[in-house]
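The letters A, B, C and D name the chains in turn, as written, and every chain counts its residues from 1.
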Amino acid sequence: MRELDASVHDSLREMHGYMRLAREWDLRFEKMFRTGALSKWYSSVGNEATTVAAACAIEAGDSLLTLHRDSGAILRHYLDIHEILPGLVPQTSSGRKSVGGDSRQRFLRLACQMLGRKHGFSAGHERSYHYNLIEEQHGLIHIGMISHLGSMIPVAAGTAFAFQQQGNHQVALNFIGEGATSTGDFHEALNIASVWKLPFILVIENNRWAFSTPTSQQYACQQLADRGQGYGIPGVQVDGNDPEAVFTVMSSAVDRARSGEGPTLIEAMLGRHRGHSEADDSLDLVPADEQDGYSSQDPLDLVEKKLVDRSTLSVSDLAEIRNRCASLVMVLVDEAMSMPQPDPDLPRRIHAD
Amino acid sequence: MRELDASVHDSLREMHGYMRLAREWDLRFEKMFRTGALSKWYSSVGNEATTVAAACAIEAGDSLLTLHRDSGAILRHYLDIHEILPGLVPQTSSGRKSVGGDSRQRFLRLACQMLGRKHGFSAGHERSYHYNLIEEQHGLIHIGMISHLGSMIPVAAGTAFAFQQQGNHQVALNFIGEGATSTGDFHEALNIASVWKLPFILVIENNRWAFSTPTSQQYACQQLADRGQGYGIPGVQVDGNDPEAVFTVMSSAVDRARSGEGPTLIEAMLGRHRGHSEADDSLDLVPADEQDGYSSQDPLDLVEKKLVDRSTLSVSDLAEIRNRCASLVMVLVDEAMSMPQPDPDLPRRIHAD
Amino acid sequence: MPTESSTDQSEILYIDAISDALRDEMRADPSVVLMGQDIADHGGAFKITRGFLDEFGDQRIRNTPIAESGTIGIATGAAMLGTKPVIEMQFADFISCGFNQLVNVAAKMFWRTEHPVPMVIRLPGGGGMGAGAFHSQNIEAWFLHTPGLKVVTPSFSGDAYRLLRAAIRDPNPVLYFEHKFLYRRERSAIDKNTTPDRIEAESNVLRSGTDITVISWGWMTHRTLEAASTLAEEGIEIEVIDLPVLCPLDITTILESVERTSRVAIIHEATSTGGFGAEIAAQICQDAIWTLDAPVLRITYPDSPPPYHKDLEATRIPSAERICSELRQLKQQ
Amino acid sequence: MPTESSTDQSEILYIDAISDALRDEMRADPSVVLMGQDIADHGGAFKITRGFLDEFGDQRIRNTPIAESGTIGIATGAAMLGTKPVIEMQFADFISCGFNQLVNVAAKMFWRTEHPVPMVIRLPGGGGMGAGAFHSQNIEAWFLHTPGLKVVTPSFSGDAYRLLRAAIRDPNPVLYFEHKFLYRRERSAIDKNTTPDRIEAESNVLRSGTDITVISWGWMTHRTLEAASTLAEEGIEIEVIDLPVLCPLDITTILESVERTSRVAIIHEATSTGGFGAEIAAQICQDAIWTLDAPVLRITYPDSPPPYHKDLEATRIPSAERICSELRQLKQQ
C-alpha cells in the first residue's frame, strides 16, 4: 500500500487547495442558479474530500469517469494548481504529477461547458458534466456521464479493459451515487470486472439520499461495501469526509488494480448538504437534525480545522486561499459568460467519418 | 423452522417418487430427441433432488416460476402422485397437500406442450417450458420462462409483491441457473425484494456450467450464496443432490417469507449430467473426472441408496417404482403424440379484450 | 397541489388531469398500486402524486430503488395476479433500462400464454425545455414496432384524464406518453363522467379543413393548431387530426380525411427515420394513394439526439413557422 | 471448421464467410477483440469462432458472463480507447437486455462528444427454424429509429464477408444482422480483396425488371429471387433490389428503379407496423409518388411474436408463393 506522501502536511494542503477550488466553483454556480443565470445545478458541495482525494490517487494516463457531483475530481484531474494559482500550495506537496497542457484554458472551457457556450467541450450540445475531455498527448482521459444512472459503470470498466488489453498499467476510476447501486449495470459491470480482473475502482459517494429516496428505501444490506464479497473483490467503507482516509483506501485499490489483481469497491460515506438539484425541494425531506449532523461534518471545515490544528496553515492563510480560489472562479466564469453562444446552424454529425 | 415430516421415511419416499417420475420423463424425451422425434431438449437430469424438494416446501396458492431444468418442480406442483400412480408412495407421507384438479389431464397436456401439440398449454405457440398454467380454483400458479435469462426473477418477485399487496401469506418460488446470476435482473429483483421484504425465494441451480462456460468465467466470488449479504438477506448454500437438505433449507426460507421477513437466496450445488441441450457438444468441455464426480453423485442414485440403507424400500421396490413411472410417462407421451397438431389458421390475439 | 375538487367539465391543467385520473382510479379500484422513483413523500419529480402517500399509504404508493428493469418485471408479475400497477418513469428516456422486460416479458405475455398483463407505464417525455439528450426523447416508435403493447399520447387535459383511467382498466400493458411541455401550458375541459374501460383506436378531428390533412400527437398537435389558424388567415384550410392513441391506430378517420383533402402531412417530434410518421405514410400510400394530389409530407425532428442548448433545440423541434411554411409548399404542389 | 484456405473468389457458406471475415480482420488488426457468451473453447453457439481461442488466445477471445448490458458497456468504453470490440450476441433477441447501453451510450456518444465508438455487434437473427418467440425475432427497425448506429443485413456470403470487415473498420457502432437460416443454406462467391473500411449506403440490383421493383434484405431477398424467377416464367419482370446496408440507406437506387418500374413492393421478415418497410414506403411516397402506377405494397410478418410450431411459423413468414401472388395482384392494379 502506498503511504501518504512523506510530507503529509503538504499533501493535505494540496488536497485542501483543490477542495477549496471545487467548493468555490460550486458556490459560484449555485449563486448563478439562484439569480436565474442558470436553469439547473447539481451541487458537489460536501463531496470534495472524496472526489479530490480519489483523483489524487490516480495518475496521468488513467481514466476518470464522473457523475454530477464530482467537480473535485475533475478539477484535480484537469488542472495544475501551481500553474493557475501559483504559490497557493507548496510545490513539493504532490504525490501525483499534474497532466500537461494549458490548465487555465481547460478551466475556462469547463466554465463554458457548464454555461452551454460554444467553447464548452460539447459546444452547447450537452449539458454540464455530460461531455468527454480526452487529450491523449497529456494522458488526460475523462469521460463524462449520461443521465441514465449506472450506465457509465460498464463503460468505465471498459476503459480498464482497454488498458488491460494494451498491457499498460493504467487504471479506471469511476464515481457513482449510492442510488445507482440498485441498477443492473452496477452488478453486471462489477461481476465482469472481477472475473476479468480489470484494473477498475468504483467509488460510491453514499450521501444517504437519492433525490428524495433514503437509503432505507434503496437497499437493505448493512453497508454497500458488503457487496464486494458477492463479487470476490474488496469492499471497503471509508469516511468520505476525510481526504486522508479516502486517499489511503484509494491508493491500495490503485495498487491492487495496477498489479493485476482486479477491481475494488469503495463506499465513501458522505453528508447530504444540498437538495438533489438546486431546483427542487428534496432537501426538505432530510430531517433537521440529520442535516445538522452533515453540516457539522462538512469536509472543508474538517480539513481546514485539521490544517489549523496541525499548525500547517493559519486562519488567515485559509481566508487568503479561499479568496484566491473564489476570485479565479469568478474571473473565469465571467469570462465564460461573455463567450459566444453556440451557433444553431452549425451542423453536427451523427456518424464519425 | 419446520421439521421434516414426522414420518421422515415416508417423506423421502414421496420425494423419491416425484424424482423418479421426473427422471423417467426426461429420459423419455431424451430418447425422442435422439430418434429425431423432437428437435431440441434441455434435460433436467440431475436437478431432481433440488427441484422436487423445493416444490415440496411450498403449498397450493404459492407461485412457482421455472426455467428449463425444472420438470421435477413442475411435476410435484401439478400432480397428485396418489391419483396418477395409486399406491406408489404411502398416503401418509406428504408434508404438502397436492393441488386439486385432474392430474392426469394436466400431465397429458404437459406432454402435448412439450411436443407442440394443439392441446399443449400454449397450443403450439410456445416451446417446451415457455408457458403458464394458472388454475385459480386449484391454487395452481405456475409461470413458465421466457428465453432471456434472468428476466423471470423480477416477475417472480412481482408475484410475491401481489401476495404481499393482497395481504395473504403466499410465497413465490423461482429457479435459475448459476449463469443467470450475472444478469442485471438478478440484482435489481433481489435488491427490491429485500427492501420491500417480499415473500420470495430464489433457488440457484448451480450445475457449475452455463452452456460451455464454467463458473470460473461466470463469477469470482467464493460462493454465490455470498451475494445474500449484499442484499441483507440470508444466502445459503446447500447440497442440491440431497432432497432432505434442500427441503430443510427451503422450509426455513418459506417460513421466513410467510412471516413477512423477506426473501432468501439459496444456492443448490448440482452436477452437470448432460450437455447444455441435447443438441450440442458442450458436455465435451467438462473434464472426464469432473463428469465422473457428478455421475457418482447422481441424486436419484443417492436417494435410492439412502432408501435401501434405511430399509425403507428394497431394490425390487425401486425397480417397480421405476417401471411404473416409466410406463405412465410412455403411455402419456404416446397419447400426446397421437394428438392433433395446432391449426395454423386459428387466429391468436395479440391484445387481451 | 392538484385541484382536489375539480368538478366535471371544469378546465384544468394537463398535469392536474393526470394527477386526478390517478387519484380517482385509485379511489375507485383498490387493486391499483403506484410504483416509481420518488413518488411517495416527494410526490414525484413533477409532483403528480403529491399527497398520494397520505391518502393511499405506503403499500399502494411505492418508492422504488433506481431499477427500471426490476420495477417493470415486478409490475408484470404483480399484474398477472390481480394487482394493477401503474409505474411512473421519472423520465420517458429511462425506460430503455427496462426495455427487455417490457418488450419480451410484458408485451408478449398475452400472446404467448393468453394471460393478461394489466399494467400502465407513465412516460413523461418530449422536449422544449432545454433538458438535453436524456430527458427529452420521443421514443414511441420503438414500442409501436413491438406487438402486444398499447400506446397513448394525449395532447389535451380531457384525453389525458380519460385515457389514463382507461389505460389502467385496460387488460394490456399500456404506455402512456405524457408530454412535459404541456404539463403547465395546456389547460382545458375534462369530463370525469366518461371513463371507458379500454384503450381503443381513436382520433380527434380538431378542425375541419379542405386543403390539407395534418396528423399529429402530443405537443405537436398544439403547434399544428397554431399553424392551422395562421394558415386559415391566408385561406389555407387545414384539417387537423390529433391521435391520442397510436396503438391501436384509427386509420379509418385518417383515410377518410385524406380522401377529402388529397393532401397530407404528418408531424411528430420524434426523429424522422423509422418514426411512426413513416408507418402512417405507408398506410396512406397503400390504401389511399389515388386520392393524393401531392406527396406525403413528414415534418419531424432531424435524425439526432436532442441538443441541450435551447437555441439548438429550438431549431430541431418543428415550429409553427416551419409547419406553416412546409404546408404552404405542400398546398402548392 | 470454416474453410481456412478459402481463396479469393471461391464459393463459401454464409456462415464461413462470417467466420473468415472475423479471422482475417483479427489477423490484420491486433486491436480487434471478440466478446460473447461461449465463443472461446466452445466456438460460439453456431461455431463461428471455432479455433479462434487457439489462434488468438484468451485475451482477444473473451467468453463473457451472461450480461449483455455489461458487455456492451465494456465494449463501448474499450472502443473509446483504441480497442475494437466485436460482440457476438448468442441470438439477436438478447440485445434487448443491453438496449440502453446501445441506444443511449454507444449510439449517442459520437454526436454528444465527437469521440468515435468503433464497435460491432453481431446479431444472429431471423426465423424459419421453429425456434420460437425469443430466438427468431427481426428487430432491426428499433435500431433504425436510433440515430448514431449503422445497420447491416447481408443476404449473401460475399456481402457478409466484405461488410463484416468494413463494419469492424468503421468508426461507428455497427449492428451486423446475420440471418441464421442462411448460415448453411446460402453459398456463393466471396472476394477477399475488396475490403472497404467504412459502411456506406449500398444496394444490390440483383435482377433487372421492368414491371415491379421489389426491395428486401436478409433471408427475404432469397425468397424474393425465387418468386421473381417464378414470375418471370409468367412474363412478369421483377427488379430485385437487395439492401445489405439499411443505415445509411441507398434511397437513390430505389427511387431510380421505382421511376422505371412504377410499381414497388417491400418485403421483410420483421413485423409490419413500424417496420423498416414503412420508412422506405414513406420515402418513396415523399420523393417518387408521381411515378407510381399502384399503391406501395408491404409484404411482412404479421404483428405478432414468432410462434414456435413450424407449421404456425410457416404461415407467418412471407413465402415465395405468397410473394408471387401478392406481386401478381400488384401487377394488375
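FYI, a residue touches a chain if its C-beta (ideal position, glycine included) is under 8 Å from a C-beta of that chain, and two chains touch if they have at least 3 such contacts.
It should be emphasised that the depicted structure is a prediction, and the values quoted were computed from it without experimental measurement.
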The chain pair with the larger count of contacting C-beta pairs, comparing B-D against A-D, is A-D
Farthest chain from subunit C by C-alpha centroid distance is chain B
Per the C-alpha centroid definition, the whole-Å distance linking subunit A and subunit C comes out as 38
Whole-angstrom distance, CA centroid of subunit C to CA centroid of subunit D, is 32
Within subunit C, the set of residues that touch 2 or more other chains is 65, 67, 69-70, 93, 96-97, 100, 104, 108, 111-112, 133-134, 147-148, 303-304
Note: subunit A residues in touch with at least two other chains are 122, 125-126, 130, 146, 148, 151, 182-185, 187-188, 191-192, 195, 217-219, 348, 350
Touching subunit A in the complex, subunit C uses residues 37-38, 40-42, 45, 63, 65-67, 69-70, 91, 93-94, 96-97, 130-135, 303-304, 307-309, 311-312, 314-315
Subunit B contacts subunit D in the complex at 39, 116, 122, 124-127, 130, 146-151, 179-180, 182-184, 210-213, 217-219, 280, 282, 285, 341-342, 344-345, 348, 350
Counting only contacts in the complex, subunit D reaches subunit A at residues 31, 33, 59-60, 62, 64-65, 67, 69-83, 100-101, 104-105, 108, 110-116, 118, 147-148, 150, 171-172, 198, 248
Contacts from subunit B onto subunit A in the complex sit at residues 182-188, 191-192, 194-195, 216-222, 224, 226-227, 229-233, 262
In the complex, the residues of subunit B that touch subunit C are 63, 121-122, 125-126, 130-132, 134, 141, 143-144, 146, 148, 151-166, 172, 184-185, 187-189, 191-192, 195-196, 348-353
